[in-house]
Each structure stands twice: as C-alpha cells, then as structure tokens.
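I have placed the structure first, in the form of structure tokens, so that the comments after it can refer back to it.
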Amino acid sequence: MKRVIALLCLFGLVAAACGGGDDSDEPIKFGFLNGQTGDYGPWGAWALWAAEVAVEELNAAGGVLGRTVELVVEDNGSTPEGAVSGYAELTDVDGIDALGGIESDGMLAVFDTVHEQQLPTICSTCGTTELDTTGGDYVFRIIGSDTDNGIIGAQVARDEGYDNVAMLVELSEGTISPADVFKTVFTEQIGGTITEDVRFDAGRSSYSAEVARAFDSGADAVYISVGFETGVPILNEWKRRGYSDVPLILTTDLLSPDIAAVVGEVEGASAVVAAAAYDTEGNPAWDAYVPRFEAKAGDPPEIGFYDAWQYDQYIILGLAMEKAGTTDGAAVAAAIPQITNPPGVEVFTYASGLAELQAGNEIDYHGTTSNMNLNAVGNLQSPVMAVSAVTDGSWQVRDYVELDPTLEKPSS
Amino acid sequence: MQNIVFGIVTGSTLAVATIGFAMVYRTENFLNIAHAQMMALGGFIGVVLVDSYGWNIFAAGAVTVVSVGALGVVVAAVFFRPVRHLGGTVLLFTSIGVSLMLYAVIIALFSTQARFYPVGFGGRYEIAGVNVLTADLVIVGLAFASIIALQVFLNGTGLGRAVRATASNGELARVRGVPVGRVSNTIWFISSAFGAMAGVMIGVLSSVNAEIGWHHILTVLAAAVLGGLRSISGVIVAGLLLGIVMDVSVLYIPSAYRPVVAFGVLVAVLVLRPEGLLAVQRRKEAAVT
Amino acid sequence: MSEAGEAAAAGSILRVRGLDAGYGGFPVLHGVDLDVSAGEIVAVVGPNGAGKSTLLKTIFRLLPAQAGSVRFDGADLRRTPAHGLAAMGMGYVPQENNTFPDLSVRDNLAVALRGQNPIEIRRKIRAVGEAYPALAGRMGQNASTLSGGERQMLALASAMITSPKFLALDEPTTGLAPSIVRERIDDILRIRDAGTTLLWVIEESPLLCLPHVDRVFVMQAGVLDPPVTSQAVLEDAALHSLFFGVDQAAEQSPD
Amino acid sequence: MTNPVFWVGVLTLALIYGSLAMVLNVESGWGGMWDLGVAGLLASGAYCYIILGIDDPDLGTRFVPGLPMWLAWPLAAAFTGLVALAIALPSLRLRREYFLITTLAFAEIIRQIAVIQADLTRGTTGFSSLDRPFDTLVEPRDYNYVLLGIVAFAALVVYLITRRIGTSAYGRTLRAARDNEALALALGKRVNRMRIKTFVVAGVLIGAIAPLYLFYIRAITPQLFAPGITFTIWTALVIGGIGSIRGGLVGAVVLIVFTEAVGLIEVDPQYINILVSIEPFLVGLLLVLVLRFRPDGLISERNAFGTRAGRRARRVPA
C-alpha cells in the first residue's frame, strides 16, 4: 500500500520537476552520484540512507554558511557512461556545489572533468589503485586504498602462519584490485604460495565448482575477494560442503552481518578473519552515527556496505565549506585537508566542528570509522586496519594493526 | 566427478529456466527476452514470502510459480498478442521493452538490494567421495519432477497434445479446431511458471537481486540455441550439458576463461551443427527463413 | 436468419460472395463468388499463383478477408474464430505443412479429437488404422519420418477423423506417383459416398482427377469464373494447355 | 530552460549512438544480418585505439607503442574490420536466431578478453584521462562544443556513407537478397560474399566511431562494452525505423533525449527506488508503444526509399 501511495506521489512530483530552477542562492546543493541500479544497486540504498543522515545533520545544525543543504541524487546505473551523463546533469542542470557517492570506475571517468570544473569531490568508495598517486586537488578519498586492503590481507596471512593460500576472486574492479595486490605481496614479499587463483564472473546460479577448486587445492587458508551478494552463496557453499575447517581471509566487502551469520552457524569454525580500514571502538562519531542510521534504515550500519564513509564525506564537505566561507570550488577543495588533518581541535560531529570554526579555531574532523587525515594526493594517511573475527554470530574486532611498512606493493 | 554433480545441479536449473523460453519460441516464434525478468520476479516473490513472511519454502515456491505463471498470461495478452500479427521482429523488440518495464517494476517493488533465501536444507552426504547436499537433491529432484510433469501433461492430455500441435504447426492446429487462445494462455502460463521456478532455484542456490534477469538471459539464450530452439528434450539435454561443461571446465582451464570457453563452445557447436545439438533435419525450413 | 434459410433451401452448404483477400498490401483474390452444394464434389483449377490456395486459406480464416462474406450452413463465418470452424463440420487439408511433423501419427490423428473421451479416441484411431494399413504400423512414429504419400494419407485421415460435413482439399495429389494418386482418388470418392461435401483444388494429374468431380471452377489471376462441367475443361484444348501445360517447377508460393 | 552545456552533452551522446545505429542499419536493416555483437566491435575499436596510443610505460602494459592519434584512429578502424571479418566468416553461415546469438557470444568473448588480458588492457581498471582531439586549443569548459562539432561531422559522414550504400545497386541487391531468400540462394556465393563485405564495412565504421565514444566517456573499462550498449543501439534503430537511412539517427536522438529528460525528474530521495525505476519503465513503454502503433519505426523504410518494400510485405508466408 505504501508503494501505491509513493507511486501516486510520483505523478505529482513528475509534474513539479519540470519547473526546477537553478542558480538561485537558496540551498547549497551536494550531489550524490552512484549506482542505485546495476551492479552496485545492492549497496545503493544503504549509501543513500547514510548520505541523508549526514545532510539532515548539517541542516539540523543550521545548515552550511547559514543556508540549507539539499542532497541531489543521481543514479549512474553502475556504468561509466551513466556516471558521465549523471555528472553532467548534476553540474550543468542542478548546479551542485560538491560531489560525493561515486564509485571507482565512475570516478575515473569524470576525474578530468572534476578538475576542469574545480568541483570539490570526495570519493567514499573508491578503492581503485589508480587513485594512489593522483588526486588531492579536487578529488579526495576517505577510504583505504585497495593497495592497503591487499597488503593487510597478505600481512594477516603471514601473521597467521599460512604458507599456501588459495584465492577466490570475482571479476570486477573493486575485487580484482585488492586481490592482485594480495597475490603480489604474498608471493613476492612474504614468499607464500598461491595454490589456486580462481577468478569468475558474478551473477551465476551457483558457485559450487569454483569453491570446490579453491578449497580442494590443499591450501592452509582461502582468500576471498568478492562482492557481498556473491559472498553469501560462496560462504554457504563453504559451510554446506564441509570446508568449514579451512580458515578464510575476507575483504572488507564481506564485513556484513549476513556473512557473520553464515560463519557463526558453523560449529567451532576455525579463525575467520576479515581486514578493513576502520576503527570504530570508543569512537564518538561512530557512536553518534549508528542510532541515527538505524533509525533511517531500520538496520544498523554495516562496514562492508560503506555507508559510514558516505556519511563522513558530506560532513567533511559541510565543514570545509564553512572553513572556506564560500561555495567556491577551489577554496572548498583547499579547505578539505585543513579540516580533516591536525593541528586543530578534534571534532566528531558537524555541530561541534561548526562551533569550533565559528569560534575561530582550527579543527581536525575525526570520521565515524577512522581519523580522516589526508596525504598530499588526497588519500587517507596510513590507515589503521581492523582485523575482525566472528564471535557469537557477529563481527568483533580482534585487533587493530598498522600496515607493516616492509610490505609494499612494488610499482608495476 | 564432483564437478559433474555440480554441473547437474547448475544444468537442472538452467534447463528449467530454458524450457519456458523455448516453448514460447516454438509456439509464438520469437525470442522472448522478458522471460528472464519473470525469473527475477519469481526469485523476489519467493524470497519475500520466505524471508519476510516466514513461509515454508515449498509453499512459497508453489504460490510464486502460480502467480508468476498467471502474470505471464496477462503480460502476453496485454503486450504480445496485439502485435503478434506483425511478426517475430516486432515481438522480439516488444519483449525487450517489456523486459525494461518488468525490471522497473521489480526495482520499484523490491528495490535493488540483494536478498537471500534463509533455507539450507541441512544435510550433506559423502557418496563415493562425492559431496552431495540435500539442497542439490531437492533442486535436481524438483527440476526433474517438474520436467516429467510437463512431459506427462504434454504427452498425456488433450490440452498438452494441443500445445504440442500448436508448437509443431500452429496454422494446422487452428484448422483442426485447437482453441488457440486457450492453448496460448496455457503456454504462457507454463513458460512463466517455469521461469519463476528457475528464479526461486537460483535464489536458493545463490542470491536474488534486480539484475539477475539480465545476468541469466545470455545463458538461457545459449542453452535454448544449443538445444536447437525447437525441441524441448533438446533444451533439457543442452541445459544439462552446458551446466556440466561449465562446471567441469573449471577443473581444466583457468576459471577466468570459463565464460570465454562457454561461449566459444557455443559458437563452435553452432558452426558445426547450425541447428543445435539434437537437430532433426529441417533443411526446408532453413531455406525458407 | 431468413438468408440462412434461403441458403439451406438452395442446397448450398458453402456460399462465398464477393471475397477480396491478399497478403499485406498485395491483393490476390478479387470478388470471388463460389457455391458448393451438399453432397457434390467441386473442383477449383487454375494456373500457379492464380490464388487457389489463398481462396482456401481465406475461407478457413487463416487469412483475413478484406471484403465479402463466407457462409457455411447459413452461418456467417466472420463471427467464428478460425479454430471454431472444425466444430461446425468444416475440414481442410492444406497443400503444404498439412501434418504436425513433431507429433506421432497417433497424436496427429488425436489432435482434432480433443475433448472426447480416451476410449472413443482410441476407437477412432484404430478405425483409421484399419482404413489405412500403411499408417497402422507407424502410429508411434513422428509424422516427419513418413514418406510423401503417407503424409498425404495422414493429412486426409486426420481431417476426416471428425467426420466433417464439408472437406476442402488443397492439391492432395501433389508429387505422388500415378498409382498412389489413384488410391487417393478412391479415398476421396469414399469420403463423398459417406456423405461429405468436397471442395477440391486440382493442379496436377487433371486427367485422373477431373472426371470424378461434379463441377469445376476455373480461377485465373484471382478471379473465379462461373462453374463449368469437368468435361468442358478436359475438352477445351486452350484451357487445358493453359492450366496444365505450364512449368510445374515455378510453383512455389503465391507471391 | 536548463543549461545548454548539458544538452550539448546529451546531443553528443545521441549523435554517437545515432552514428552507430545508422551503421547497424546497413548490416541488420538492409543486410538482414541480426548483429547483437555491436558492443564487441565497439570494444575492439576502442581498445585498439587506446592501446596503440599508450605512451606511458608506468601504466604497466606490455606494449607502449605511443602512436599519435591520427595514426591510431584509422588503424583501430582497420583492426575492427579484421575482427568483423573473423566473426563474419563462421557466423554468416547461420540463420537468423543463431547468427544473433553467435554475434552476442563473440561480443561477450571480446569483453571477457579485455577483462582477463590485463597486461594489454589493464583489465577492469582500464584507462582514464584520455587525450582528446583539439583539447589543447580550447578551454576545457568549452570542449563540449568542440566534441559536439566533431561528433556531428562524423554523424554526417556516416550518414552520407550509409546513404551512398543504401541507394547504390549494391545496397539494392543487399535488400533484395534480404527480402527474397530464393533470390539470395540463386545468387549464391555472391550474396554471401556481399554480406561478409557489408559486415566488415560496418566493422570498420564502428571501429572509426569507437574513439568518439571514448572522447565522450573520457575513460575505458570492459564494463562499457556490456551487452546493454548493443541493446540501446538496437532500441534506437527500432524506434527510428529499421531499414530507413536516417531511422537510426532519429531514433537515437529521440531515445537519448527522452532518457536524459526522464533523468531530470527529481523526487524525494526516500522514493529513490521508484525514481530509478522510472527511466527503464518509460524507455520500455516507449519501445512497446512505438512498436504497437508504428511497427516500422518513426521513419519507415517505405518512406526512405519510396518503394513498396514494406516490412509487412516481407512476411508473406510461403
């Protein structure tokens, strides 16, 4: 019934949409461009809820520069072409003042245009190694690079004492990228052996054959870099087929309660370890964020769904705009590292950051999942990685580790 | 051996998914791209009933199959029948339009989030070193039971005979007094119902999301074409064979190349046997089309 | 209903008036008038592409009529769907594709018996087997495996299995050896004797077939001339060569 | 109404699709070859163009040919022609549905190769920050107009070429063979050779258009060449009118402008899944309605050639 009402509302909105004006100096517009449909669709709703929580927080604190903030949403269909046309719509039609939400491949497609148009852009889900050495002027990344994700996987494998590891890798940029780093670091720097490197396309009706090939290869552990919707059936296979005595090393994408539930059902499953750049324990920003997200989404936030970073990006954009005192793209972009990096008063919410800025103080915004200290190319500085394991059917952080500086991806 | 078991499971779902597609092709003479969206719809309705309303999987499956089957009849009446006289080209592209619309409805109703069937069917058996799950048995059993039921219906009942007659020679069927409207409704019902059943099976084996229709249409097309488009038993053999080839090939080639190999095999088979695996000689038809 | 009474009174079981039809934009039939009286055998002859098959397809509503009417037993067929004609007692054996190639011989015969009880169906099929021993041994085979002659036999048998009042035959002797043609003619005469009215399209073997028909309609370029006797056609040398001397190889399709 | 720059971009994309649809019409509309593998040919051209132009060894690819744009472009077109030849030789022996699935399979194979052969294509990462013609001559903000000019010129050239093909004796034979299989059989080998030639010519044209698409996207990944793009081009052609010279162009403009205009609808984010469903729904509806009420497309072949060779006439049962 709710759907029907929504559909009815829609007709009114369609009619109203044609009149939408721009260039008025009323609300500040933050663009939100990501895949609500297509391959990233399963993450779309979570990302949007987080973005809405952030914008609501900005407005509750009186807006940015005294103006209300409006979130302008555009679906890119999870394709670069959709990113290009969605970006054009956001900038040319809606006249957004800053952009967030976009994924790796879309980011790379609009990267040059962002610079030409001097649009402050935060990429909250771009793991791509392409951004390891570029960015910092207008494009900032507040999530760990796939390089870091790959290295920490190898580091965990080393520390757990696994010599032979099999790999299960889905053929998509976000999953191949860390897996390739993992493979290089694990074999070349740690001296481990990859018993099988099984790569496959997603969207299959079952993954039995792939799982069997990886788990029957005599590995000490299996490294799995797949999307969440592929991960659940793969772990179901792992559980049902009796491979559950083989430990797993999972990537951040799989840090979700669904996965934990599957793992948790296995009696005495040996250590299941996931690694990701996050640090939420005793973090006031996270503690403030969780209930508000849950109120919006009906479920608590999930690290593997990247929603927290979607939230952080708009808080950062709001604070940077306040810091710059203008919506001018170049000024806002320049202000982003100023409010995320020390020195300054450490703040965890928009309201407190705003108060400090208005008092004339420097601030250092600490995000929901980690500090947001950015380096010269707009990447997170040496993120702290969390190694988690399943306890009582849910993910619990086992320990926080720093990347071993001796493990570095050799430049290819 | 293990992989043959996997292949049989994959192949059974593929055969179930393809049968409906092939039936519509045989009787209505067009490639119904929208068939895959019926699969997605089935997957979603089933998961909502099981996951959100706590239904038993078999009850949910039955309701899903019947309701999607009925929807198929409606879709055919609203979208396909009015343009039927315009021929296969128009029907094919109409089906692409219908696919987009059904896809939109799926997103609007179920959103784009992935859903999982919370059913495991428990047990696992080691039979001669081969790992077999209850879920495998249930799926293969259900697939074969429904295929056999379909065969019994087609071969043993008057309506079934009328369906086969329509598929074999639609014009003559009309001359012989076969009520084409009812037969067509029956075909659309069976086709969509089988699509929905495949959707539920894929959902149970893996996951359901709004994209699965687009993901599976290529494999369905491949299995249908490999089976020779016009023969139901050919489709079943082709589905099983394709499933087994795909799952066994994982053992011998780098798995990344598997899609390449699968499609490569398809191209090779078509070039060597242009009418499909179990082709009867139909030279005359080939010359006419 | 008065018209219906009139037609019945005149003994005309099939009555075609001013029929225009064609494929897509191409008109093929032009104002065809045709009457068939109960109990007779009426032939339609004419050269390739004259529109003979088109006429039958239009009567049986496989092609839409653009103008004109077809009445059977007094009822206007425009109100009946194509598949309803069989129930009215109209049988039809098309020239090509007149069997279900993927169905067994038994199923080919049974298609028209849909809705009858299985014992009855079996009895009727057995009767066909007795009438056509060649088919009796092949009941389980697919129709596509039959020879040309057997296929024609099956087509005729499956049209007759419902004992229609009226039967239209489109070239039932195409490509058959003369001895088999004679067998088919005997079948046709038996059908007539059993009380079925026949409309018979003849193109090959006129010398064998025409003597058995009551009246002949000559069709030329989509126009049907008034009926003549078969004797008249056979004796008219000009007609004879025009219709039956043409190169058979060109016979493919009406367009 | 809205910022003209936005519509410049929309029109650019529409003209690229329009050019591709006009080419598709030559092989499918006139040649009767139901090609569902346009994405594969487009990928071949695009990747060949990009790989030949690589001049940065740090990208980590095996080859660093560093060819200038003006050389890489025609070579990419030629290479795509060769790929088309390789596809045509086995596939053209197959009849319609089988040809259709074979070309689709080839396109998927090409895309998978682009994913797997990372040392050539950089896999799923692909390439970004591409050079574009004349990009040093104008301000980046004005480049959209330059690109529109280039693309419009290309569309005009494609239009002239395809019109030339369509009205020539060659084009007439091609259409006649499509409409009349008996004639095609009678002409035998010649028709087959003609179809292969047509397929290759279409390949060359698609390969030549491919870089334009990259100039618009400014990045290349295998995902660009998923079957979706083929379906979009086909949809444009069907809406515009299969068989008509301008049909593809008109259809693409209608389809892309319509799609982008639908995208301008704004709703409250809480109805996002309904918002995102509007576009596929309306595009699907557009397709269904056009086919129901104008089954020959907006511009029918009949009008295009002033002949009675309507599509309905072709479906005469034998």
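Should a chain be cited, it is by its letter among A, B, C and D, assigned in written order, with residues numbered from 1 in that chain.
Definition applied: a residue touches a chain if its C-beta (ideal position, glycine included) is under 8 Å from a C-beta of that chain, and two chains touch if they have at least 3 such contacts.
Predicted model, so just to flag it, every value in this text is computed and none were measured.
Common partners of chain C and chain D, by the touch rule above, are B. Comparing chain pairs A-B and B-C, the larger number of C-beta contacts belongs to A-B. When each chain is reduced to the average of its Cα atoms, A sits farthest from chain C.
Closest to the middle of the protein, by Cα centroid, lies chain B. Our note on geometry: chain A versus chain D, Cα centroid distance of 34 Å, whole angstroms. Look at where the CA atoms of chain B average out and do the same for chain C: the two points lie 40 Å apart. With centres set at the average Cα position, the gap from chain A to chain C is 73 Å.
Counting partner chains per residue, chain D shows two or more touched chains at residues 112, 115, 228, 273-274, 276, 278-280, 312, 315, 318. Residue positions of chain B touching 2 or more other chains: 107-108, 111-112, 256, 259. Shown for chain A are the residues in touch with two or more other chains, namely 3, 7, 36-37, 44-45, 171, 201.
The residues of chain D lying in touch with chain B in their complex are 90-91, 93-98, 100-102, 104-106, 108-109, 112-113, 115-116, 181, 185, 227-228, 231, 234-235, 238, 242, 273-274, 276-281, 283-288, 291-292, 295, 311-312, 315, 318.
Put simply, chain B touches chain A in their complex at residues 2-3, 6-7, 9-10, 13-14, 107-109, 111-114, 116, 120, 124, 131, 133, 135, 201-202, 205-207, 209-212, 215-216, 246-248, 250-251, 254-256, 258-259. Interface residues of chain B facing chain C in the complex, by the touch rule stated above, are 158-159, 161-162, 164-165, 167-169, 171-181, 230-231, 280. Those residues of chain A whose C-beta lies close enough to touch chain B in the complex are 3, 7, 36-39, 41-42, 44-45, 171, 197-210, 212-213, 216, 228-230, 232-233, 236, 240-242, 258. Put simply, chain B touches chain D in their complex at residues 31, 79, 82-83, 86-87, 89-90, 93-94, 96-108, 111-112, 214, 218, 221-222, 225, 229, 256-257, 259-260, 263-264, 266-267, 270-271, 274-275, 286-289.
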